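A, B, C and D are the chain letters, set down in written order, and residue numbers restart from 1 in every chain.
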Amino acid sequence: MAQLLAVLIDGLIYSSWLFIIAVGLTLIYGVMKILNIAHGSLYALGAYSAASLAGYWIRQGYPPMGSYAVMVVAAILVGLVAGPVIERGLLRFMYGKDEIVLVLVTYAVFLILEDFVKLVWGVDPYFIAQPYGLLGNFTVGDLTYPNYNLVLFGAAVFIGVVLAWVLTKTRQGKMLLAVIHDREMSAAMGINVGRVYFITFTVGAMLGALGGALTAPMISVQPGIGAETIVLAFAVVVIGGLGSLPGAALAALLVGIVRSAAVHYRPELDLFSIYLVMAVVLIMRPKGLFSAQEARKI
Amino acid sequence: MAIVLEARGLNKSFGAVTAANDINVALEQDAIVGLIGSNGAGKTTFINMVTGYLKPSSGTITFGGRDITPFNPRQITRLGICRSFQIPQLFNTLSVYDNLLVGIGIVVSGGKNWAEASHYVGTPGAAVDGMLERFRLTDYRDKLAGELPEGIRKLLDIAMAMAVKPKILLLDEPTSGVSADEKLTLMDMVMEAVRAQKVTVIFVEHDMEIVTRYTQRVLAFYEGRVIADGAPTVVLNDPEVRRYVTGEIPHVTAGDKHAAH
Amino acid sequence: MKRDPTLPILIAGSIILLALGPFLPRWAMFLINVSLCYGIVVLGMLLLMRTGVVSFGHGLYYCLGAYAAGTLDQVFKISDMAVMLVAAVIVTALASAALGLLLRKYRDIFFAMLSLAFSMILYGLLVKTSALGSSDGFNVAASKIAGITVAGTAVDRYVRYALTVVFAFIAGVFMHKYLNSHMGRLAEAIRDNELRVEYMGASVRNVIHVNYVISAVLAGIGGALAAIAVGHIDPEMAYWTTSGEFVFVGILAGTGSVLAPLLGAFIFETIRSFAYEYSPNTWQMALGITMLVVIMFLPGGLWSLFTRKRKAA
Amino acid sequence: MNTQVSKLLKCGVTLLAAALTAAPAICNAQDKPIRIGLVTFLSGPAAGPFGVPAKIAAEAIVDALNAGKVPAPYATRGFGGTPLELVVVDEAGGATKQVTELRNLVERQNVDFVIGFISSGDCVAVAPVAEELKKITILFDCGTPRVFEDASYKYVFRTRPHATMDAVAGAMYLLENRPAVKSLGGINQNYAWGQDSWADFTAVMETLKPELTITTSQMPKFGAGQYGPEISALLQSNSDVIHSSLWGGDLEAFMLQATPRNLFTRSQLILVAGEPYLHRLPGSIPDGTIIGARGPSGVYAQKSVLNDWLRTIYKERAENYPNYPAYSVAQAFLGLKTAYEKAKAQGALGTDEIIKAFEYESFDSPSGKVMMKLGKGHQAVTGTAYGTTRTVNGQITVGNIKYYPVERVQPPEGVKSVDWIKAGMKPGKW
């Protein structure tokens, strides 16, 4: 019983993290049909900037509580810089190319950024441990969890709700959905697709960076974290159905619980549990859990 | 004459829209039938159901006495029911020659499922050149299909349907997107080819002149129903048809614009 | 139409390589050897790309082929290259025939990701198998070829090199013939317009399945040859980044000709090798930039350089 | 037709490119200094804790050697008066790539010796190639016993002891300090190193304390970063001891996440490769953690002239003191120097002579005496040490250090580690 409870809590926390790292990816794909491997680098950039800035903040002796704000600001900055640079500077020349080619373009960006991060921050791991412990712990049965996990969970829910609200309730969001539904059509309707892309990618980049920033306090920020994360994010997005927000949420939940269950009951399966889930889901539902079925006019 | 294709009580609805409403059609061997009706009247839906792209919500389609309702487009094609498309479906990165060669290659390699696989004399290549002749496409032989003018695309689209040895040929607006002065030449070519191979033809057409000129029988569609069925003269004078279909004839142009891009 | 020079080039190229081999510096010989192993795999990718699908999991067969060869030596103490290659072909053919039953239904990113999932599952299984050295893998002693021992002899390297050249040649000729056959045309037709292919009476899924198996077997052969040439195999061969590289090279090279993958693989390996040497800290950046440049200015891949010139001439 | 010819030419030219690029490398052959290829991680997770410290140390040592500023017995400039030159290559990219890179180092870069390889997978893979290339290659930091227990090599040496002793000494130290241990859990990365460490350690523990119960073995994938579920599982296993061979970022992430959850107030933690972590003060390493350095290196290196020397020259180039990979690379250079100069003294500097001199040699290193006693004189052995962390006025240090002599922690020549452990680890004759 205690174990089952642990499975659920651990699963939920891990799911929150998965959702945060995956949501930007699925948003970008939904709108731009780009499976953005560079999302991994944005995650890394976010983590590194958060670690450096918040680290500086704390070394300066400013109120440690402020470090959370600093982390978020760091992520937003990364998004505001990297997003436009990549989208305006590169991707916009690639629109209309084959999806796979676009994947490779972002793969190239990923490779470049990997070394860029190394040139800027070196190979030594960075730390910003304080924010992780700062909020104290909560206890369930005989298990203690840092409250920071609640922050993760809260952030995941917040991001999900806000995005859902923007997409369904606001004018801009409706535009976005229009573009998602039919690019040519919405262009004909006078929606500035280019601008929608620009904004979407920047927001997506911010979310990627935010994922990194929120993760920074619980890991050691080091080369290669992007590569590890992007594959997970991929799996989640594909399982959920590319471009589907609720899909990503459900997939994150599914993968999170499955992994946590594997760890608790069959540790040896942990290594590829996520890929098993992915294979099974895709075999059952070829386009993922939630997927827009586009009919072809002939 | 013998009935080759028969549709009984076909219904099809997309949500609220009824695209086919109790359609009953029996088709004789070698008949040439025109389908008329405004856009969205259910003509293309009918073709899509016959060729297996859409499954009717209810009703059956039989071909040579055999129920083909559950079959997919491939199986139906292999039985000899072939079609062309309102928006030409070509292999854009292949040459005109290869577009046809693909079809003939399929027939030749098709083996026993293909009653008339033996039909072609000489090499597949020779057969292709024969077809290029017949459809006057020889000048475009080595052009990429993606770079052809719209009229030629239409023609190639139809030729590709002919390439796979149809017994029944369904043409979806063969002349839409073809300039007015080319329409007749195109239809003449098609009909010539059709007669040579003894093919039953159904074609959707907005141009009543063409309908009267080439068909012995016309089906008029309105809101998914067949509101008139008979000789062109009879159908075109039918009051309902006059009101709902031919009355003021905006469709021709509509059809044109629609297919133009 | 002017005659297609592909076959003459393949023949001439192979003869040159075989003749040049003994005089090449050994590192160059090895570089070419490994590149050709890669090239053979990428030939398979080319077939898939021509068919309009891309696999991000072909490392699965690269790895399976290598392990089929390796386990023969490791477990059954059979170290004859010929037997190893046969084993690789059989294993990859069976595996791909089975997985193809599923994958044939998928397209685009889903085909890519499902194949990725499969390859990562194999990766996981191998890392779990300590009997096969887990993540360290193990060394492959392919000491004989058709019964004759070559290991340790003066011609050892050259034999492995020549074996690869010969297989690259065979694979190249086969693929060239295949692409120019009805099946090859059908593949391109599918890439252009699946719907029409079905409406002409051919089964898209069957064609994709067949081509998937062919490309998998090529990947298996490439893997086995790599195991023979490198002498070591490990689960990395099934990791998604390996599969990514195959796609990378495929796009880099272009699908214009069967010569493209072979040449592309060589260029890729050379760039990588020298990037490692001259910018050990920024070689990934070098690769990334190369790739962007190619995608931006040579949409047809490096191969379009040659075809362009031909048009101009 | 002529299009064919032109294409043919293009093809040939491109293929010849490789041969042409060989030219500069060949010229290098006549250069005076001894070229040493150094293969170490410059990118990826292993760069920070292992690769780069090793590189820093190597560069510092080479400069010191060339300046003739190394304490006795290594005072001669370079190797026997000839200066040294480093060619550094990134070890990242997997074993297959390393095989290629080794060939390039030897045949294109014309290095005279190769010192390298931190990953066991790479070591296993490159050894036969070094043999084929007939180039003396020193494996400086990888640990797997497989290298010399499953094969024997002429040109391959390893100047650091293999990993068996990490488990053996660790278990002994644990039982000496916590004799009452009843249950053991573990968290190790899911790849060869983690799996082997866990297998060895459990094997040793079961031999030394058969009634011990194994509670859980967590095997997170390499670089997982998120250990929430694993930590819960470990907490619920209520193990007396938790064994871990995690290293680098994974170890640090695990510590960051496990400490606030009081895992280490519940269980005794033993980190067989934890030493580099002490140099990096991430802020949370509980007192009483048992820490290994895979040899008497880093914090366990005993005071000596050579040790002070290494610490000084390293500190000049980095903000902290050398960790064990730095000591490993030092062993490689000094061992090779000894062999080289011994051969030179005997008047012949051929590869075979150097090998002869290298086999069964023993030499002083910053981490004490190193003896090439296993693998027909190609595998080094040293004693090892374990200690326990404690905080002394804000500084994390290791106390209660215990040194273990070779014979207690290493199987003698000809005995496989596994069998030796199963047989009760009888000290052999040395």
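In this section, contacts are C-beta pairs under 8 Å (C-beta built on N, C-alpha and C of every residue); 3 or more make two chains touch, one makes a residue touch a chain.
Computed from a prediction, not measured in an experiment: that's the story for all the values here.
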{"item": "Between B-C and A-D, the pair with more C-beta contacts", "value": "A-D"}
{"item": "By mean Cα position, the chain sitting nearest the middle", "value": "C"}
{"item": "Computed distance of Cα centres, chain D from chain C, in Å", "value": "34"}
{"item": "Mean-CA-position distance for chain C and chain B (Å)", "value": "44"}
{"item": "Where chain B and chain D are represented by their mean Cα positions, the distance between them in whole Å", "value": "74"}
{"item": "Multi-chain contact residues (two or more partners), chain A", "value": "114-115, 118, 268, 271, 298"}
{"item": "Residues of chain C engaged with two or more neighbouring chains", "value": "127-128, 195, 281, 283-284"}
{"item": "Shared-contact residues (touching 2 or more other chains) in chain D", "value": "42-43, 190"}
{"item": "Contact footprint of chain D on chain C as seen in their complex", "value": "2-3, 5, 8-9, 12-13, 16-17, 20, 24-28, 30-32, 34, 127-128, 130, 133-139, 141, 156, 226, 230-234, 236-237, 259, 263, 266-267, 270, 273-274, 276-277, 280-281, 283-284, 306, 309-310, 313"}
{"item": "Interface residues, chain C side, partner chain A - complex", "value": "54, 102, 105-106, 108-110, 112-114, 116-118, 120-121, 123-125, 127-128, 195, 240-241, 244, 247-248, 251, 281-285, 287-289, 291-292, 295-296, 299"}
{"item": "Residue numbers on chain A that touch chain D, as the complex places them", "value": "2-3, 6-7, 9-11, 13-14, 17, 114-115, 118, 123-125, 127, 129-130, 132-133, 137, 142-146, 149, 215, 217-225, 228-229, 259-260, 263-264, 267-268, 270-271"}
{"item": "Contact footprint of chain C on chain B as seen in their complex", "value": "51, 72-74, 77-78, 82-83, 85, 89-94, 98-99, 101-103, 105-110, 114, 142, 160-161, 163-164"}
{"item": "Residues of chain A defined as touching chain C within the complex", "value": "35, 90, 93-94, 97, 99-101, 103-105, 107-112, 114-116, 118-119, 227, 231, 234-235, 238, 242, 268, 271-272, 275-276, 278-279, 282-283, 286-288, 296, 298"}
